[in-house]
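Each of the next two complexes has subunit A plus one more chain, namely subunit B in the first and subunit C in the second.
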Partner chain A sequence: MEKKLYDKLVMTHKPKEHRGQNAFIAFVVGGIMGVIGQLLVEFYSYYLGLSSIDASIFMIVTLIFLASLFTALGFFDKWVKFAKCGLIIPITGFAHSMTSAAIEYKKEGLVTGLGANMFKLAGTVILYGVVSAYIFGFIRLIIMGGA
Partner chain B sequence: MSFKYKNVYIKDVSTVVGPYENEGPLAKRFDRHYDDMYFETDSVESAEIKIMEDSVDLVLKKANLEKSDIDLFIAGDLQNQIAASSYTALKVGQPFLGIYSACATNTEGLIIASNFLESKTVDNVIVSVSSHNMVSEKQFRNPTEYGSPKPSTATFTATGGASCLLTNNKSKVRIESSTIGIPVDYEQNDALHMGACMAPAAANTINKHLSDLDRTIADYDLILTGDLGVYGKEILIDFMKTEYGIDIKEKYNDCGVMLYDLEHQKEVQAGGSGPVCSALVVYSDIIRKLANKELKRVLYVATGALFNPTLVFQKKNILSIAHAVSLESVE
Partner chain C sequence: MIYIYSFLFTGFVCLIGQLILDNTKLTPGHITSIFVVVGSALDIFNIYDLIVAHVGGGALVPITSFGHLLIHGGMVGATENGFIGLAMGMFDLTASGITSAIFFAFIFSLFFKPRD
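Let's turn to the complex of A and B:
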């Protein structure tokens, strides 16, 4: 059989992924995450009297802590499988990728295992996050004069 | 290349499984199961070694033999450098051949053992395979606790160890013929749709087996592929029909689909995979049916995706291979 024909045969037996449904769930869960984040910011600034910048940092740390804790307790991966990008795109996804890699490689030692592999998934995000921040910062400097 | 055998008998088989397999439809048929993924060891890699050792101990106990009675130990698995097999071989303490054909490893082992036995150079051979879901996930995909969404074509590496003791002495089931497969490349590179990668290899080997031995599908009660999964199975049926004009639909099933309850165990998605997947189904259920004469002759075609994560990232295709053995009930 021609390889192109075979590709066609494979396509006819490919199940439909529920893209619409997945996007909807991700949209709702992502929205809820935003609400939770905002509630945390309000909580920290109202009850602890922090400035809104400090309260945002506290909010991020709280979400990272919870995502890491729930990953370690073993049920966060099930939530992520359900909510998909609703939990992967927010900071929770970043924390989840680091904690899961750290758990996976801890048996191979603190340096050769955990240390060397913890950024296996998150490393890409950091690298290209920094690179794109630099590029966009540069564009902003040129267009808006650094304002 | 196909062979016919006169002196190759299956004396005993053993199966040890993890928790997911034990929730499947074959649960009652396995010899031993563990309720967690670590099997009382401290890492998943050690757990895989333990499960293979367990299966060897069990098959020896069933056959009432000692390790010293074994002339040759043949084993393979998915762990890097087939580690589970090597560590088990150390415990067996007999001449060892480590083999690898990914998920087609089990039939490769059975073919090598059969050829040794047929020439009567050895008397007792054990063929073992194992795989462990978390070891494979870590090695080939993402950390196990990372909840990356997968498409419904993805398969689930089975956790278990399985051993088969082959001899020259007559028993209820024998290996009657075999076919060594050829690697194929149909330019597939989706690591989450292994069924599509492996279906042409299975078709190629089935066709070769039938034409080499001048047989038809009617000579078999059942054609069994290793781990094509729900969608790979459909592809194979279509492929056999259009490419070779052979209709296998009525007599065909896939071990990956049989190992789990696909309705209730949603986490397995398109079905089971891994070298032990087909071994668990054949050893727990098919051998028993052959011994009872419920089945007369079964063509067992284990399928392997020769998948290397590094080369896939370098845009190379995923090759695949299938080896077949024909199991027959003895009069």
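Let's turn to the complex of A and C:
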């Protein structure tokens, strides 16, 4: 009973989040990231004469580089706090989580700190990506017989 | 036109992520994991390929494309070497992304100090 009362009390004092505003900002910022991605793909395929697959890989590497650099310089955290999923869901969130973990745990040592904690957040993405891709790839290979 | 599609698709994916983040207790780690699984699940029947063909580069920006590229690399390997090839080719397309993320994160963390 007391716990219920406590929960109620906590709920009334919780700062109200502006869900609609958050969703709108995430939509706009995410959309801008998509446009930047498309611009980079066209830039690389036009000026470097790459195929569309190579150009998209170049684009992903460019976004990862910029996200890592901005995280290291210190102002990407503020952007993420503002845009939330608008920058976490794009590939920039992957690079941001790795770089911020690396910088944060560096003081605990290069191996036990940086090395052990770098994949704390990004590791789940790789783990579930590989497991699901293997299972679904298996299914696709059986149903559709390959690419 | 392809820019508008890119804007709408990436924005829509981020919007769904933001709605999940605000209305459930899931953390960003949960959400990115879910989106990767969804991305590779959509590729069982070539749905994500269809999206990429229409949306262009914008479809490759969200983390869902990570799952898409994993399964795609696996399928290319599988056509050459069967079921073992699935594992051999798995990281072919994402290798550059993962490698550069690790490399840049390490290099930048050596030169920069944490800020609050």
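Operating definition for what follows: the second predicted complex is superposed on the first by the 136 of 147 C-alpha atoms of A that agree within 3 Å, B and C clash if a C-alpha of one lies under 4 Å from a C-alpha of the other, contacts with A are read in each partner's own complex, and residues count from 1 in each chain.
One rule holds for everything that comes next: a contact is a pair of C-beta atoms (placed from the backbone, for glycine too) under 8 Å apart; a residue touches a chain by one contact, two chains touch by 3 or more.
Nothing here was measured: the structure is a model prediction, and the numbers come from that model.
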{"item": "Clash-or-fit label for the pair subunit B, subunit C on subunit A", "value": "fit"}
{"item": "Partner chain(s) touched by A:Ile103 [first = subunit B, second = subunit C, both, neither]", "value": "both"}
{"item": "First, second, both or neither for A:Leu9, with subunit B first and subunit C second", "value": "first"}
{"item": "Touched partner set for A:Trp79, first subunit B, second subunit C, both or neither", "value": "first"}
{"item": "Which superposed partner A:Ser56 touches (first subunit B, second subunit C, both, neither)", "value": "second"}
{"item": "Partner chain in contact with A:Thr71 - subunit B first, subunit C second, else both or neither", "value": "both"}
{"item": "Residues of subunit A touched, compared between subunit B and subunit C (which is higher)", "value": "C"}
{"item": "Which of subunit B and subunit C A:Val111 touches, first, second, both or neither", "value": "neither"}
{"item": "Smallest separation in angstrom, by C-alpha atoms, between subunit B and subunit C in the superposition", "value": "6"}
{"item": "Contacts on subunit A seen with subunit B and repeated with subunit C across the two complexes", "value": "17, 22, 71, 74, 77, 84, 99, 101, 103-104, 107, 121"}
{"item": "In the complex, subunit B residues that touch subunit A", "value": "42-43, 45, 138, 142-149, 151-153, 186-188, 193, 196, 200, 231, 234-235, 238-239, 242-243"}
{"item": "Partner subunit C, residues of subunit A touching it in the complex", "value": "17, 19, 22-23, 26-42, 53, 55-57, 59-61, 63-65, 68-69, 71-74, 77, 84-86, 88-91, 93-95, 98-99, 101-104, 106-107, 114, 118, 121-122, 124-130, 132-134, 136-141, 143-144, 146-147"}
{"item": "Residues of subunit A defined as touching subunit B within the complex", "value": "1, 3, 6-7, 9-10, 12-15, 17, 22, 71, 74, 76-81, 84, 96-97, 99-101, 103-105, 107, 120-121"}
{"item": "Interface residues, subunit C side, partner subunit A - complex", "value": "2-3, 6-15, 17-19, 21-23, 28-29, 31-33, 35-37, 40-41, 43-46, 55-63, 65-67, 70-72, 74-76, 78-79, 83, 86-87, 90, 93, 96-98, 100-102, 104-106, 108-115"}
